[in-house]
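Read through the structure below, which is laid out as C-alpha cells, and then see the notes.
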Amino acid sequence: MPRARDLGVTIGRFAPGPLNAITDVPGVRIGHVTLIEGDRTRTGATAILPHGGNLFRDRVSAGFAVLNGFGKFAGSTQVQELGELETPVLLTNTLAVGRAMEALVAHVLALPGNETVTSINAVVGETNDSGLNDIRAARPTVAEMRQALEAASSGPVEEGAVGAGTGCIAFGLKGGIGTASRRVDGYMLGVLVQANYGGTLRLDGRAAPETSEADTDGSIVIVMATDAPLCPRNLTRLATRSFAGLARTGSALSNGSGDYALAFATTRGQMPNEMMSPLFEAAIETTEEAILNALLMAGDMRGWDAATRQPRQVRGLRL
Amino acid sequence: MPRARDLGVTIGRFAPGPLNAITDVPGVRIGHVTLIEGDRTRTGATAILPHGGNLFRDRVSAGFAVLNGFGKFAGSTQVQELGELETPVLLTNTLAVGRAMEALVAHVLALPGNETVTSINAVVGETNDSGLNDIRAARPTVAEMRQALEAASSGPVEEGAVGAGTGCIAFGLKGGIGTASRRVDGYMLGVLVQANYGGTLRLDGRAAPETSEADTDGSIVIVMATDAPLCPRNLTRLATRSFAGLARTGSALSNGSGDYALAFATTRGQMPNEMMSPLFEAAIETTEEAILNALLMAGDMRGWDAATRQPRQVRGLRL
Amino acid sequence: MPRARDLGVTIGRFAPGPLNAITDVPGVRIGHVTLIEGDRTRTGATAILPHGGNLFRDRVSAGFAVLNGFGKFAGSTQVQELGELETPVLLTNTLAVGRAMEALVAHVLALPGNETVTSINAVVGETNDSGLNDIRAARPTVAEMRQALEAASSGPVEEGAVGAGTGCIAFGLKGGIGTASRRVDGYMLGVLVQANYGGTLRLDGRAAPETSEADTDGSIVIVMATDAPLCPRNLTRLATRSFAGLARTGSALSNGSGDYALAFATTRGQMPNEMMSPLFEAAIETTEEAILNALLMAGDMRGWDAATRQPRQVRGLRL
Amino acid sequence: MPRARDLGVTIGRFAPGPLNAITDVPGVRIGHVTLIEGDRTRTGATAILPHGGNLFRDRVSAGFAVLNGFGKFAGSTQVQELGELETPVLLTNTLAVGRAMEALVAHVLALPGNETVTSINAVVGETNDSGLNDIRAARPTVAEMRQALEAASSGPVEEGAVGAGTGCIAFGLKGGIGTASRRVDGYMLGVLVQANYGGTLRLDGRAAPETSEADTDGSIVIVMATDAPLCPRNLTRLATRSFAGLARTGSALSNGSGDYALAFATTRGQMPNEMMSPLFEAAIETTEEAILNALLMAGDMRGWDAATRQPRQVRGLRL
C-alpha cells in the first residue's frame, strides 16, 4: 500500500526526513506487537523508545497536552510536573493500560543499574479498538506488552493495522499507526499517531467522500520526537500544535474523544521562544501527514465488535 | 462585499441562524466603535453583551480556553474559577486593554442597582493592530470604549474593518471582525472573531494562493454564545473546539500568537456530556466561517505601521 | 490507640460526624487489604466506593487537584474532562498502579448490566511504601486488589498501618490511613488520606519535637466525599483546599512529593459559589485531622527498606 | 513597630538575608505610592522591579500560580506561555487594575530603546481595599501608579499600611505589605505580600485570640524573587509552595478569595528538579513570615467602608 506522499498528497511546506518517520530522529526506536487471532482478537501494542540506553538513568525532556480528556493516558501528571520521561511510551487498547504499566515497570526494574529503583512513572496511551477487537478479553497480556518493548528498533516503521493500531477505526474506515517527519532549521521532528477517531475526513483540505459523517467518536494519541534542544515548556507548546494537524483532517472532537499529545526531545537545552515558530508549523503538518499515512496503510479488516457482539468488516481508505 | 455563504463557500453541515451572526442567540448585543482618522489611526473596540440587563446582577455561565497565550486577555482567572461573566466583553488593541478595563469598571459602577459594588471582573480581549495603526498613541480612549458598550444592539452585525477589527491583518490580508451562527438540536450557537493572525489561508480546505506564507504572526480572539444550557465546564470544552476551526483556516499558531476563546451561555443549566458532540462540531465550523467572513468583509486599507514607522497598504481578500 | 480527638487535639471549628470518618457521608464504603508477610512484605490496598450500586451506571460528580505531581495517579484526565467517577477509587503502592487498574477493570466488567462495556476509567492513587516494603516484589496482586473492593463496607474505618497505609512513613514516623469528617450547613464532608510524606510535623499548630527534619520526601493522596450537591468545578475547588490542611501539618512539599486530591459528591446538583466557603474551611480542617489520625493510629513497624536493601524499624507517633 | 523576628517569632529553619526583605535578592527594587487623604482615600500602589535596567529588553524568567482565582490579576496567560516577565509588577486595588496597566504600558513605551515596541504584557495584582477606602473613586490615578514605579529602590522595604497595602484588612485586623527573605544553598529567596484576606490567624502555629472568625473573605498577592537560576517550570512550582505559607497563617481560602503567586528569577539557567526541595521549603516559611510582618507593621487605621458607606476603624495586630 502506498503512503500519502507516494500518492502525490504532499502536506505542508517542510521536507520530510529520509524515512518520513519518527525514527528519523536519531536514537528513536519503535516496536510493535500485533495480535490477530481467530475471529475476535485484533489488538496489540506499540512501544516508543527515545533512545536505546537506560532511559530511567538518562531521561529526556518531555511535554504533554490534552485536547479532550476522555481517555486513560497514564503518567501524565509526573511528565507535566518534572518535564521528563523516565520510561518508554507504550500505546495499546483502552482496557489494557494497567497491563502496559505492569510491563513498563517490569522492564525498568530489570534493567542493569536499576537494582534499587523503587519509583517508576510508566507512560501509556490508548485508544479503543472494541469496534474490531474483543477488548474485554484482556489482551495484550503483560508478556505481550514486553514483546513490543523488546522488538523496538530504529529504521523504517511499520504502519497501518499493526501494534496498537491493529484494531483501530478512523472516520468509519480502518485506522491504525502512522508516522511522518520533517526537517526544520537543521533539526528533525517526527510524529507517530494511533488514529482511532471520527469526523468528516479531509485529504489535504479536500473532502474524502467515502467516509461516513455518522462515525464521529473515538480517540487519537500523538507522540512527537525531536532532536531540537527544547525545554519541557516548549515541548508542551509543540505538543499542543499537533491538535491543529488533527483538526485539519476533519476530526469532530466529539465528547467521547481522548485526544492526547506527548512530545519529547532527545537533546537537552533551552531553545528560545523566538525560534519555535517553524517547529510549531512543522508539528501541525507532520501530524496531519502521519494520520493520513495511518489510514492509507491500514487496509481492510474483519473482526468482532465488542459492543454489539457481532462480527464487523471495516474497509481501508483507497485514493 | 459578500460574505462567505453569498459566494457559495458553505462551511460544515449545520444550518446557520437567520442572520448567520452571534446575535442569532437571543439577547446578545454587539457594539462597535471604529476609529479611522488621518493617516495613522486605524483602531477601535467591539463590545459583546450577553443580554440587555444588568449583567453584574444577572450573570451568565462562561468558560475560557487558551491555545497560545502570547496575549493580554483580562479577567481570565476569575472566569475560570467562578465559571461566570459579570461584565460585557470588550475587544480592542493590545495596548488598550487597561483603558478597556477602565471603561467596563465605569460602566458597571454606573448601572442602577450597583451603588455598593466594589469588585468587578472586567473581561477584555485584544489583538495587535500596529501593522496599520499607531498603536502607541493611546486610542481608543476610555470614553471611546464606552461608546462601543453604548452602541451595542441586537440584529445584524457589521463585519470586517470595524470596531476592534479596524486595523487587523490576517494572512497578510486585511483582517477584522467576522461572525457566523448555527442551529444545533433546537439551540443556537453564535461566534464572533477578531481575526489578526497568520499562516497559509485555506478556504473550505483549499489553498488560497494570494496569501503570503511569510506572514505567520498574530492573534485571534474568539467569542462564542449559545442558548443551550451549558455549565462552565462544558462551555470551556466548547471554547476549546473553536481552535479546530481556527486550525482549518490554515493558522500557523506561531510563537507570537495570542489565541483565546471565551464561551458563554444565556440559559442556566447542565446539559449532560453525552449531548455535547453536535455542539462541539458546530463550534468548529461556525468559527471557521466567522473567520472567512472577517476576511471577506474587510476590504483594502491604507494605514501606518507602528513598528517600521512607515505607511502601509493591505489588500482585502477577493474570491 | 487513641485518635487525635480522644487525646484532646481538636482541629478547627466544625463538629465531626458520628464516626468522624469518611463513611459518615451516606453510602460511602471503605475496604482494606493488608499484607504483612515475613520480613519484607508491608503493603496493601484501600478501596473507596461512593455508593454500593453499579457506579459505572450511576456515576458521581468528581473533581481533582494536584499540588506536586511526582506521582502515578491514574484516571485523572478523564475525571477532569467529564467531571465524574465511574469506578471505585483504589489506593495502593507506587509500583502497583497497573495491577490496581486491572482489578478495577475486571471489577467493572463483571458487574451485572455491564456486559457490553468497553471503556473504563480506573482511578488509582498511590504512595511509595518502599521504606518498609519490598515494593519491587509485585504485591498486592490483582486478586488482592479485588479483595479490597470486595471488603468495602460502611461503618467505622480502620486506620493507621492498614490497607494502602500498611507500609507508609510520614515525618520519619509510621504513617498510614487516616480519616475524619465534618458537618457543615446540614451536609457531611469526609476525608480519607494515605499519608506518606515528610516535613516538620505540627500538631494543631505546635511543633512535634520527635520528628526528624531530614525526612522531607514522600507523598499523600487525599480522597474527599460529600453529600452536598456540588458540580465538578466546585468539587475541584474543594479538593484544592485539602492542600491547606496538608500544609498546616508541616509538609515540606518537596520535589519528590506526589500530592493529589480527589473529591466526589454523592448528590447531583449545583450548589452556588456563594455557599462554598464553609465547605472550603471544613475541607482544610478535616484533612488536617485525618492526617493526624493516620499518624496516631499507626503504631511501630519493622519492615524492609527496598532502596537500601536493609531491615528498617519505624516508630509510631505517641503524644 | 517591631517585625515578627524582633518579637521573637522565628518562622522556619532557614536564615534570613541581611534586610529580611525581597530586596535581599540583588537588583530587586520596590516602590510605593501611599494615598491617605481626607476621610475616604486609603489606597496606593506598590511596584516590584526585578532589576534596574530595561526589563522589556532584558527579561527575567517567571512562573505563576493561582490557588483561588476570584481576582483580576493581569498578564497571567503570557507569563505562563512564555515563562518571562517583560514589565515590572504593580500591585494596587481591585478597581485600579486598568489604570495600573496603563501606567506600565506608558512606562515601557517611554524607556530608551523601546521606540518601536508595540506589544507589552503588563503584570498587575490587586486586592480589595474597599473596607477602608472609597474604592469607587478611581484612585490611584495612572500618574500616581507611575510614581510607584519611579520611587522604586533597593534597600529596606517599608511595610504595613503603605503602597498597595494602605487600605488592606487581614483577619479583621489591619493588613498590608510585608516582606521576608531566606538564604538557601548560597542563593537568596525573597517574598513580598499584599495581605488582605481572612481566616483564623495563627502566629507560628498558635492561635491569635484577638482575631474574628467571622472575617474570612479577601485576597492575597504573593511576589517571590530569587537569584537561583530557575526555569519557568520550577518557578511555577516555587510559586505554588507559597500557598502553604499562606495556609499556615490560618487562611480560610474562602470563595471570594483571590490568591495569586508570581515568582521570578534574576539569573537565567535550569537548576535541576532534584535541587529544588530546600527552595520549596524556604518559599513556605518566607511567605508565612512576610504575612506576619505585614500584619505586625500595619498599625491602626480609620477609613471608609465603600460597601456599607460608613466610616470604619480597624485595629493593628499587637503581640
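As written, the chain order gives the labels A, B, C and D, with residue 1 at the start of each chain.
Convention: a residue touches a chain if its C-beta (ideal position, glycine included) is under 8 Å from a C-beta of that chain, and two chains touch if they have at least 3 such contacts.
Keep in mind the model is a prediction, meaning the values are calculated, not measured.
Looking across A-C, B-C or A-B, the interface that copies B-D in more than half of its residue contact pairs is found at A-C. Compared on C-beta pairs in contact, A-D and A-C come out with A-C as the pair having more.
Rounded to whole angstrom, the centroid-to-centroid distance between chain A and chain D, based on C-alpha atoms, equals 44 Å. Distance from the chain C centre to the chain D centre is 34 Å, each centre being the mean of its Cα atoms. Chain centres here are Cα means. That of chain A falls 33 Å from that of chain C. Shared interface positions of chain C, defined as residues touching 2 or more other chains, are 68, 81-82, 237, 273.
A complete topology is adopted by the chain contact network, contact being made between every pair of chains.
Touching chain B in their complex are the following residues of chain A: 13, 67-68, 199-200, 202, 205-207, 213, 216-217, 237, 240-241, 243-248, 251-256, 273-274, 276-277, 280-281, 284. Partner chain C is touched in their complex by these residues of chain A: 66, 68-78, 80-82, 94-95, 97-102, 105, 109, 116-122, 128, 130, 135-136, 258, 260, 306-309.
In the complex of the two chains, the chain D residues touching chain A come out as 81-84, 231-233, 237, 270, 273.
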